[in-house]
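What follows is a set of structures for review.
After this come two complexes, each holding subunit A, first together with subunit B and then together with subunit C.
On to the complex of A and B.
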């Protein structure tokens, strides 16, 4: 396994995305639509609340909505690829490749995400910055980048683990739906964790979801800073370790379960 | 009468096909209900925190959501097969519908039953019930009679939207991303009261892409919300009419599409 191989897999996955041009334009439109809806909602409720609430100002919550959406879009991954390979048996080919399976999957995910970051994330960020009062302080950047990398790994491993369920279940779409539901509600991609009822927040802290979008987005906009930000990044690192172990175990168990038909 | 029997038979067959793996069917149903509750959860967290969204309280927002989701239940029941219509064209399966002595549209519509229909009914009905209760709607005979008309109007509007975007496939063949954006993502707009948007968007959602009639305008009527009339108060009761006109236009678009259609030739 070399860096060159990793890059090759990533770039093939990147190029595959370019093929669907019409889909691409529609998807950019789609991203704008969500940014527009959520910024409208925040503007209305924050104006009513007097321009400030839960550590956010109207300006910072609008920035949060834009940044969280851009991260969501840039973290696009094809989470149907892995279960698809298990179902149709082509995972067998991947097993005999001279490259660890998880590294190959990560390379493909990163190529896919890189395309969506460049082709959708950046244009949406640029236009949003023109339309809305988006303010990003630069002094948190190094920590924000670390947080983004860890968040990406957490989401990748979540997708990987759920995808591996295909070894045990023929139809895993219900699991995907559960995953999407939890991500929509608990990851901070739409609503920052600060707005959840105080009684619920301690439970959310025991889940990895808030570290996917909430943690990096609030560090980027400076909502979380200083010791709190470092603590959040440390929690992210711990989740990467835990989920890495889960994925490794599940992958080993899955391989033992695997039966490839025919030949 | 005979035609209706055939359609029913087609529909029943698709229900049976869906129910073949009962375990999978119920797990699927559970997952869909969970997914929609999570979506609703986003709304609940925001309202619980801020008490209201642009003057719309928890109960009123629930009623707004209920109107949308309940009519969406009927829409998926009747028009769901249209979502993947481009696949029928690409694989040439639509040609089979064309040579049968039945309406091609009817055959497509009755050929696929979707489990999410039930989830929409359950969540939509619950949201309507609690929304009406929480916001203390005073039910008059007019309102009680108008409710089914609004639901029918909402179904016609959503059905028409699906017909329009799928008719595009007669020209472009593959158009699934367009269908998904127009049918699913645009729905996000009307989860919130249309009055929160800028004037241009309000105009767009009322006159050009009139989905605001599915829930926003009729909800104003039922909840007797005054003080935020957009454009004209008469719009509050126009949902059934808008539905009929739009649906007639979409049938016309389909007809034009079929006449233009040349098989993918596989």
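On to the complex of A and C.
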């Protein structure tokens, strides 16, 4: 896969998103709504709790809610594309091409996400910064960018691995529901890990989910810093390696299982 | 690419699929949740053949005979359950990407064009994917565009193309990188007569001038008769015929039907012993050639010298009727010997 190929696939995927204009406006409104709901809920909860809980202040939890939501929006991927292609057999067309399947999927995901980052993530961040006290310390930015990149890869590989289940099961909707549930609950996209009971947190360390939104959001807002932040990024890198291996094995096994639907 | 003896080789290729069977009705579906009964289907059951560079081979069989499954193993999409295959010396399912550079594939039932892009941009994507140098690409596109009349379609989005237009664009897409081997999986499906004819002319020319090895699966026996010198017939996952299309027709020379119109209806049914009357109506008789010491021409000559013949025509059996007869087991082919 050359860089030119990667860019081609990413840009086609990006352009495709522009075509769905109505979806776009609904999605922007939806994003604002979520930011508004979460910031309002945290504000009320924190006021009742005396303005401080789990290492967050009212101000920092509002910033966390905004940043986590902007990351979630910017990390939008079409996770139904791969299982859809397997279901209707058009994955055959991808496979006749002399290019690595995972890289092609990553390129398409990145084109898709790039659109949502530019068209939704940035405006929602800008408007939220005007409405709420969003504080982002600049000194964590390099590490935060590394963390974001690793988080993106973890989410992509999670989607890819779950999508590959379509090679075994034609209908993978139940697995997708399970994935959405785990992501909502355990990724830090809504509730930061600090608010989980102390007894549960060690178990969460055995799962990749918290490294998708919690780790990058915490580093960006400076909630996690210093040695802790570096340790979290190292864990992310380890998860990237583990999930990469899982995806590679699943892909190899899946190829033997593949059935092309519809002749 | 050095000289290789065979462009495509298949050795005892097998592909088994596991099919889960759910029982009948609601209760059956519920039961299937807990004890999934599975059945193994041999889609391709030990197929062997070898195709030399530059051959144009028809690969036919009824639905479910295993044609498409074979093609998908040769193109690296599916991994065989057992057996081996080589395309241009590359094992397709082991080195899918390398194989991809050497082959072109057209699936009649689905498009490889980008649904939401204009046709021209699809080719640009393919140019990048196959790493075709810009000037070579321009030259190829010019040729393809002229031969397949793509000019008016170039700026159209793929989703607005008619089936015939789309197929022309798809065929061009499979040739952007000038592959040595072309797999065509039902490329004329659903097309009208004129569109089919245009595509046949193009393929014939491609095979002749570029020496492209072509393997074609189709249900349209006119495709086979006009294009393929060699025919491989598949039935229930095994090869039941592999030989020249012409030889197959020769075997059925006895099925040639002779239609004779006489000036006056001759008396009696037996005209000449070599010709069997199968039907008659008024001054017309339909005859079939039976074994005789001399050939069919001599028998006809004899007939014409003895009776007042007004008009006479000989109809060859179509490949379609031959193949139908093979499937219906009304004729038996001699034991097929596997290719190397």
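We take it that the second predicted complex is superposed on the first by the 260 of 263 C-alpha atoms of A that agree within 3 Å, B and C clash if a C-alpha of one lies under 4 Å from a C-alpha of the other, contacts with A are read in each partner's own complex, and residues count from 1 in each chain.
Here is the rule we go by: a contact is a pair of C-beta atoms (placed from the backbone, for glycine too) under 8 Å apart; a residue touches a chain by one contact, two chains touch by 3 or more.
Bear in mind that the values here come from a model prediction, so they are computed numbers and not experimental data.
Participant: According to the stated criteria, A:199 is in contact with first (subunit B), second (subunit C), both, or neither; which is it?
Facilitator: Neither: A:199 stays clear of subunit B and subunit C.
Participant: Examine A:227 and indicate which partner it touches, taking first as subunit B and second as subunit C; both and neither are also allowed.
Facilitator: neither
Participant: Looking at the overlay, does A:48 come into contact with subunit B only (first), subunit C only (second), both, or neither?
Facilitator: The answer is first: A:48 touches subunit B but not subunit C.
Participant: Does subunit A have more residues touched by subunit B or by subunit C?
Facilitator: Of subunit B and subunit C, the partner in contact with more residues of subunit A is B.
Participant: With both complexes overlaid on chain A, does A:130 touch subunit B (first), subunit C (second), both or neither?
Facilitator: A:130 sits against neither subunit B nor subunit C.
Participant: Once the structures are superposed on A, label A:30 by its partner contacts, choosing first (subunit B), second (subunit C), both or neither.
Facilitator: The first partner, subunit B, only.
Participant: Looking at the overlay, what does A:182 touch: subunit B (first), subunit C (second), both, or neither?
Facilitator: After superposing on A, A:182 lies in contact with subunit B but is clear of subunit C.
Participant: Which parts of subunit A are in contact with subunit B and also with subunit C?
Facilitator: none
Participant: Can you name the residues of subunit B that touch subunit A in the complex?
Facilitator: 21, 24, 27-28, 30-32, 34-39, 41-42, 45-46, 48-50, 52-54, 172, 174-175, 177-178, 181, 185-186, 188-189, 192, 196-198, 201
Participant: Using the touch definition from the top, list the residues of subunit A that touch subunit B in their complex.
Facilitator: Per the stated touch rule, the residues are 20, 22-23, 26-27, 29-30, 33-34, 36-37, 40-41, 43-45, 48-49, 53-54, 171, 173-175, 177-178, 180-182, 184-185, 190-191, 195-197.
Participant: Using the touch definition up top, name the residues of subunit C that touch subunit A in the complex.
Facilitator: Interface residues on subunit C, with respect to subunit A: 17, 68, 72, 75-79, 93, 96-101, 103, 105, 107, 109-112, 114, 116-117, 124-125, 128-131, 185.
Participant: Looking at the complex, which residues from subunit A come into contact with subunit C?
Facilitator: So the residues of subunit A in touch with subunit C come to 2, 4-5, 8, 12, 15-16, 19, 89-90, 92-93, 95-100, 255-256, 258-260, 262-263.
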